[in-house]
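I've put the structures underneath this note.
Both of the next two complexes hold chain A, though its partner changes from chain B to chain C.
Now for the complex of A and B:
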């Protein structure tokens, strides 16, 4: 029988280490905040975590396909500013839903622009999405130069305090995402995605539609960023063109903490979701632990580096022993 | 069939000259006043020096391949700028010690990056991103909100002032030219340079041909850190003041400068001349946009669109069919 060792676990289940991290951060959080699992607290946390989870899933798909998307923050900002300026505090729920649909279309369009330049014109992903991040961020600032605007309180409340069957709304969203991924990864599309991310040239030679797959990953990422923009708007209830700034690099960190390879072709979606939750929990832990404000940035960054380094350190020791 | 081909550095330079000449036709441009035109051109070149030097380290790690990138460059610039500021305290004798210290601090942070990437197998993007957070955190603690110091007169004389009143070439530009020649020697005329390109093209073949891949990787990141430290020294010599966000605005432009200069972000191909030309083009565009009367939002969108056009011209990767 094959011994269940660390290397085997790590390579077979990329989400194994993120799971340990998640359990660990939940345990520490629970220690610092004993009522963490009370419905109100849980929902209060999860509704804040959801936007990053959504962006991280989109980012995970792009990274799996061998690309990177640093324009997601810009897309989040565009959606936020559109909703906050066009619906308004006194808008009707019907108007809100119309603009939610429009926002999703905007996200798909923004993702298609990225995908067109990267997949069809074959530009380099980092620099292309860096350029479009100016395009999208600038456009968001154009729509709403100063923070303001809003959405109807009734709609915002729907996002903030819907808890079907006594569980936070975010749990259902995560369940849908996981279910969808489980289905997609078993289809031909899922296999193509891993093939393109693993080695695009080899995939091309075995008749995988590389260009279409690469294009689609950016469209998915744009769509997920738009969803996150909708969630973040319903959470904050107002508009701010700079709202997406922090989410881009956080989403990439979340995906990598989630066990996916930056080079593509390795990982899944469950890991990044856990990574996003862990990242948010670390933030919570730091604010609950009453760390001196001056030290917050250093402590947070160190925890993240240690979390990233741990699998590598364990591998080093494994290799030395064998 | 031989395709019409211009080397990327030349193309970027031609573009810069054309853009600059066109900018003379703008409402508040230099028009037909040659003295103003020359002064403006020299000023833009002088400003490009800082981005250019910071992008030098970026060029090295990007050429070294394996998704090489240095996202900690911005925070190293801030740290070494503050270090120089505090160490020099307005005294000319301490300038050399400060410069040496800045280089060593940069090299040390770069070495940590390299160690994490080589030994712990953390991808460069997240390793340097995490390091950037750690360095920023350290700066916040060391500073505690205020720093007291002063740059030395000799730094202002050597960096910010022109050579002599009758020969108004900025000293910084001369430093940059010498620096450029040294970088060219390093990349094209040394074993280090040859090995750097070799590991950028293919790590396995490089290793099999006797290149010490681990050592090269560590050296590339350490050197990149040291060069960012040199950048920090130059930046503070020019501005004369420090702030916590001094270096960050240089980070992504330094990657863009490398890409615009025709260096492949996938590694193994590129030159420092290209990066220099890229730095000039980027500084030129941002300077022109700043002088134009337009809202920040439009400025960002124009910058994004210009970048897209620039990389569409010669930032394209090889087609899959080839």
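Now for the complex of A and C:
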């Protein structure tokens, strides 16, 4: 093939552009931090990235199904505050695991509430989850008004420094997520998900259980947010009701950088995972580049806007040329 | 397998609008029933009642003489009722195979969709229409990349893929060319022999008489007649539909000879675009020139590029001077107007009011702040001159039937008093009454000296209405039919690209 067709690549492999971005940001990061691939550094980075990766995967499923979930930050916060207050620094590992399971149930419950409003009562996803984000965030503040609490150091250490076969724990989690997605996307559920996100009305006329599918995406998103909440708690070792504030918009950005369409029905999970890593790497690059704190947000936002705009700009030039 | 379905005294309301007040339909295995009616008469609602998309407000459904209730499309589907939807129920971003087998994917032991089986089964279905595709149709192609006729075929294949006992074909032939229609009718005959029941919803009389055994006519939401097709003729059916008989008599526009004196309005040389491979022709002022041919031979691109909507290369002369028409704003300034082929997507803002739709290209005329009273008056004048049936100018366009909505598209451009009117299949999915009105309107406009370039998928229309017809085939003008050579036979022959009976252009 003489001329690679950009449009073809983009539509056939939605994760192609995020892969370029990822490689680019790894290269820059490596230049600024030569020991980036040393196990300690790698693990230190990946355990920080993992919560966003988990939330982004849940968000990706919701967006694929044609919705959006703005309440994920609230769910992360509830889980964090529950663990930090109920388990405590002096808690036993057994108690911790019991509450981990409870946290996952809380995540599923919160997701079910979103799903019920959106799929069964047919409310607007963006408004509904915006509203429930305050519900969940407020509940987290009620549990833990001031930052504090904690989990047993032993459990936290398990998350921070488990590196089976000399690879960070996060790599295994990502591998499981990808494997699971590979399976799910080839099942009937996967096809239904794409159909509902692609054109819900046509899916309904084809007898696809549209409401059930929509409902399920929010449950999955709630579950993933709870997992992220557990990870973030083990990472920080303490509780803070505002810990999830930044993660919501970051997860949406990660999914979009990852090549999924905001309108639904296009994309996958690999792209959003790469998008989440890229987003975190950009954060790292900025702190290594010794940019004044004043400028940090501006620089970060500029990079993200450019990254988001690039496919559109390339398309524009392609159109001009033809 | 069921043997009969009967809908009795069906009532269906959408908000305040009574779509069906007394709908009746009897269908038995092994017969083709034509469901006929003008646009807005309740045909689509009737088929949606039978296939469970809408729940009826009154009346009852009997399946094999036992009452049934379809609360969702799933329920109807379980009972073996398949529908080919007019608006297509395909997911654009998914592949042909995924679309056809959606909800019935063959699964392997792990619960994954079996790609090999699905591909093979799709190939089998695709072979039913083998030889009528324009592209190399493959099960893994995304549906969005297909031309409209092939999308329609996929929709048909999807409906029959689960071997239903009853198939509802809702305007299924509207986007198909004659070869594809022939193939569909062969299949319908085969299904009938296999004991399937077919409900055929169409505007095309000729097709109804070709394949239907029985008919059922709806008018204003009421079933006004039903019986054996052999006991009735075209005129009789039309009479039932509109209570007005003479709608098919449209006079051909002024004689061609008179127009050869007129100056040339539009001259096109070697026009090339996506599917156009060098088109040249000229049109004189006041001419009504038809564009014919099978679907998807470049007709749409020709009109779009003339209107500056898609990039093109080649020479376009308008009223003797060379022009570059891009974007459409330029074409509009030069006195052109385009009535697009897909009125839902390109022609109208469905949820906005009739007034806004009428005035959308013309607001600039009304100054700042807008002189609303004047705009309203102009819009209602246009509406009245088109015999537009509406509750008020403030109603959304979505409240109108197909024929009336098309009048709004026409009116919105006529308000600009264009000198050159481009029409992309303006009578597609429009009832016979409105069709006749559109024919009269076009003839009248030509009489006033306006020039019209008119693509239609209805051969009869082209032959009956146009001074000349340019037949496109594979992106070039294959032949030009005029005067005595302008007959339906020649037009069809030229469309298929098999003969030069019309004389080379």
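Simple rule for what comes next: the second predicted complex is superposed on the first by the 318 of 322 C-alpha atoms of A that agree within 3 Å, B and C clash if a C-alpha of one lies under 4 Å from a C-alpha of the other, contacts with A are read in each partner's own complex, and residues count from 1 in each chain.
What we mean here is this: a residue touches a chain if its C-beta (ideal position, glycine included) is under 8 Å from a C-beta of that chain, and two chains touch if they have at least 3 such contacts.
Worth saying up front: this structure is predicted, and the values here are computed from it rather than measured.
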item: Touched partner set for A:266, first chain B, second chain C, both or neither; value: second
item: Chain B versus chain C as contact partner of A:147, first or second or both or neither; value: neither
item: Greater chain A contact set [chain C / chain B]; value: B
item: First, second, both or neither for A:195, with chain B first and chain C second; value: second
item: First (chain B), second (chain C), both or neither touched by A:117; value: first
item: Which of chain B and chain C A:252 touches, first, second, both or neither; value: first
item: Which of chain B and chain C A:204 touches, first, second, both or neither; value: both
item: First, second, both or neither for A:88, with chain B first and chain C second; value: neither
item: Overlapping contact positions on chain A, where the chain C interface meets the chain B interface; value: 201, 204
item: Interface residues, chain A side, partner chain C - complex; value: 11, 183, 186-188, 190-192, 194-195, 198-199, 201-209, 265-266, 322
item: Of chain A, residues touching chain B in the complex; value: 68, 117, 121-124, 126-128, 130-142, 145, 200-201, 204, 210-211, 241, 249, 252-253, 256, 261-263, 294-302, 304-305, 308-309, 311-313, 315-316
item: Contact set on chain B toward chain A in their complex; value: 67, 69, 116, 119-123, 125-127, 129-134, 136-138, 140-141, 144, 252, 255-256, 259, 264-266, 295-305, 307-308, 311-312, 315-321
item: Chain C residues touching chain A - in the complex, by the definition given at the top; value: 53, 72-74, 77, 83, 85, 88-94, 98, 102-103, 105, 107, 110-113, 115, 142, 158, 311
